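Across the two complexes that follow, subunit A remains constant while its partner is subunit B and subsequently subunit C.
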Partner chain A sequence: MHIALEYAGTIGVGGLKDVALTVVSLILSIILGTLFALGRLYGPWPVRTLIYWYVEIIRGLPAILQLFIIYFGFTQWGINFSPLTAALIWLVAYGTGYAVEIFRSGIMEIPTGQREAAAALGLSSRTTMIRVVVPQAYAIMLPPLTSFVVLQLKNTTLLYLIGFADIMYEARLGVDATNHAAILYFMAALAYLILSLIIGRVGVRLERNVAAYR
Partner chain B sequence: MSNDVVIRADRLSKRFGTLTVFEDVSIEVKKREVVAIIGPSGAGKSTFIRCINYLHTFNQGTLEILGHTIVGGHNHPSKDVLQDIRTRVGMVFQTFNLFPHLNVIENITLAPVEVKKVPRAQANARAMELLEMVGLPHKAEMYPKRLSGGEQQRVAICRALAMEPEVMLFDEPTSMLDPELVGEVLAAIRRLAKEGMTMVLVTHEMQFAKEVADTVVIMADHGVVEKGPAREVLESPRTERAQSFLHRVLNPEEVPDPLEQEVLPIGGRR
Partner chain C sequence: MQTLWSAWMQYLPLLLRGTAMTVELTAAALVVGVLFGFLLALGRLSRVPALDTLATGYVEVVRAIPVLIILFITYYGFAELGLVLSGITAAVVSLGGFYATQYGEIFRGAILGIDRGQTEAATALGLTSAQTMRRVVLPQAFFTILPPATNQLSNLIKDTSLVFTISVADLMYQANSALSVNFLPMDMLLEAGVIYFIFYLIIAKVLGRWEVSVQRRRN
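Entry: the complex of A and B
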């Protein structure tokens, strides 16, 4: 059992890094995703086309390939990202691609009567977006958003491939050093499970809050 | 436009693609006048009333409203003109359309605070006054979902009135309500009429139209088939189309079931 104790610390620290990375990339993805979704829906056609293809590429290409292009591909042009920078760029780029679609369908689900009521009151289209449409879209988005957060957390497992020292990376190092694959991977699994349960809980909480009006 | 006329629609026509909703509809609404628009389903009443505050564009004709002139078909009115019209014209929808993520008082104060820059405290005080008027001050903190349809519609009326409009548009404000909730909404509208609010009201409540409206307009078959003083139009319509519509509305039990003629007698032979 001492193997578990020995590695609990490093795997825990790896977990914290994963959490930090997920949270930061998530916030950025949601902001960018919101803007991109608005651009995709209401922007001029070049913006709409650009965002359309961005989403297609992010969702169409294998995740590892995207990560490798950012981390290894760019070195060809002398751009060397640290594992942390590359990890962050990829998680944000990838997350944004998914957030755009989640957010876009959230906006499209809002009945036209809402926008008409706002227009009839003389609200500008900007105010209508900010005060009427976007808040309701966030509420609609919550369930898919929760699964999206779990997906992003799981995506961090790929980061060990570029040497980012997260849960997966520490567990892998431990296995190489001690040959205790079962116990160490089990610990990594437990760490991910706990984290996704927490995310699920937070999601349910938020949904319950908005249930007051939905 | 004579000073007294608030809205003048002159030969307005509206098409959705190839579908002609109405053609050459002309009406005039004077200050403090209540105009009721009635007519069969699909006649274009909702579409027409939405043209008045330009929620719908129209293809032909001229709309003069509160000193602005909009010509159909060509250039849209500027943002400033639209905003001026919409802040001065209130609208109440068939489906209430309250903002579900805002509570009652936030629903009512959103536009005054955002559009007219009324100080929050003053907007809240005015909202409470309006809620008192419709008998709902105790619901101020509730979300729309928790209110009955009749209560939601009364809040929607307050929301429109909070902008201190000069004209109110109502599009079948009671047709989504259970019968026992219709009265409370009609009472609020009746009070507005008594206070001299200028109103255009699309309704299926003939009795109510007769009571509050000065003028009744009957729309059918893509246009206005009759208009005039409420009592005259409703009690002794001149055109045949108006007569048949009113007869059907007032005697619904006499309307034959279109399916009935298809029913074969038992045994299968006619």
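Entry: the complex of A and C
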């Protein structure tokens, strides 16, 4: 039992790092994902094709392979990233790939009547996008977005492989030092379980708040 | 350019050996996941409260835990508690155990999604309940299941790449062992990436498109 207490602190700190990284990468990937989704829907064809294949590659390659390409692969070309930088680049690149699809289907679900009404009211297409379509798309996106946040959080488990000191890394250090794999990995699992529960709760509450926009 | 291709060709047999392991692991984990998932779906739809609670609890908890941690608990954690599994067994158990939650939810949704009017109409036409299940409910549920099930299959192949952390010699493992010898990390990872991507394209595009066309012909 004292092993659990001994490592609860470091695993907790690792958890905070995971959360911080998830939040930062989430904000960036939602912004980029929005832009990419608009490019995918309304851009000229080279932009559309490029974004299409970007999404396919992100979805088609194993997460760990993508992370290794960024952290180890680029060293072959003389580019060395710190674990933190590599982790952030990967989480944003990966998150953007998923956010594009979530956001694209969100936009496509907005009835054309909305856009026609905005045009009838004399709004420019830019204003229509920013004031009418995008806010409603965010409301539609919320449920898939919640599972996307959980996915990104779970992805942080891979970061220990490039030496980023997160939950997994601390748990592993503990296992190496004490040989108590069962309790320490169980604690790591518990940490992720609690964090996903919190995300689920926040998601439900947000969905209730934006219900008016639907 | 010459050196690039020679490195890719030189390590291709090694990577293909890893690919065979990846395919075997995927197949085994798929069988475990589908069978166990079917049991979970039956459990969640069961009228026995204990079964329902047990299945629901399992799905909710296991789904929330990252696959890598499940893998480490089955491989290192169980070993500490006296249950020593080989790397491959641990990989199949943990991937199958995790994907059972995904498949279970797909099956449950599909069975619940069949309109009650369908079974009522079958009864009105004089079909027995066994015929109704075999001829009416299951064929319809099957085609609802296929697209999300295919989607999970491509996730499963990608997640098998995690087993290299417990030294199972899959594609990712072989790519890593190659790059630690030839110091060409980008080339080896990209080569492995191409192989993974081919699987993804086959599953997502070819299978996905076939499913859509079958669906369209049925309607």
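Everything below uses one rule, namely that the second predicted complex is superposed on the first by the 213 of 214 C-alpha atoms of A that agree within 3 Å, B and C clash if a C-alpha of one lies under 4 Å from a C-alpha of the other, contacts with A are read in each partner's own complex, and residues count from 1 in each chain.
Quick note on the criterion: a residue touches a chain if its C-beta (ideal position, glycine included) is under 8 Å from a C-beta of that chain, and two chains touch if they have at least 3 such contacts.
Not measured: the values here are computed from a predicted model.
In the overlay built on the shared chain, the residue A:124 is in contact with subunit B alone; subunit C does not reach it. Contacts of A:196 after superposition on the shared chain: subunit C is touched, whereas subunit B is not. With both structures placed on the common chain, the touch criterion links A:64 to subunit C but leaves subunit B unconnected.
Shared-chain residue A:114: touches subunit B; no touch with subunit C. Once chain A of one complex is fitted onto chain A of the other, the partner contacts of A:204 are absent, as it touches neither subunit B nor subunit C. Within the superposed three-chain model, A:132 lies in touch with subunit B and out of touch with subunit C [touch as defined at top].
When the shared chain is aligned, no partner comes close enough to touch A:24: not subunit B, not subunit C.
Using the contact criterion defined above for the overlaid structures, shared-chain residue A:177 touches neither subunit B nor subunit C, since it reaches no partner. Subunit A is touched at more residues by one of its partners, and among subunit B and subunit C that partner is C.
Touched by subunit B in one complex and by subunit C in the other is not one residue of subunit A.
Contact residues on subunit B toward subunit A in their complex (touch as defined above): 53, 55, 79, 83, 86-87, 89-91, 93, 95, 97-102, 110-111, 114-115, 143-145, 159-160, 163. Subunit A makes touch with subunit B in their complex at residues 111, 113-114, 116-124, 127, 131-132, 135-136, 139, 210, 212-214. Only residues 61, 64-70, 72-73, 76-81, 154, 157-159, 161-162, 164-165, 172, 175-176, 179, 183-187, 189-190, 192-193, 196-197, 200-201, 204 of subunit C touch subunit A when the two sit together in their complex. Touching subunit C in their complex are the following residues of subunit A: 56-57, 59-65, 68-69, 72-77, 150, 154-155, 157-158, 161, 168, 175, 179-182, 185-186, 188-189, 192-193, 196-197.
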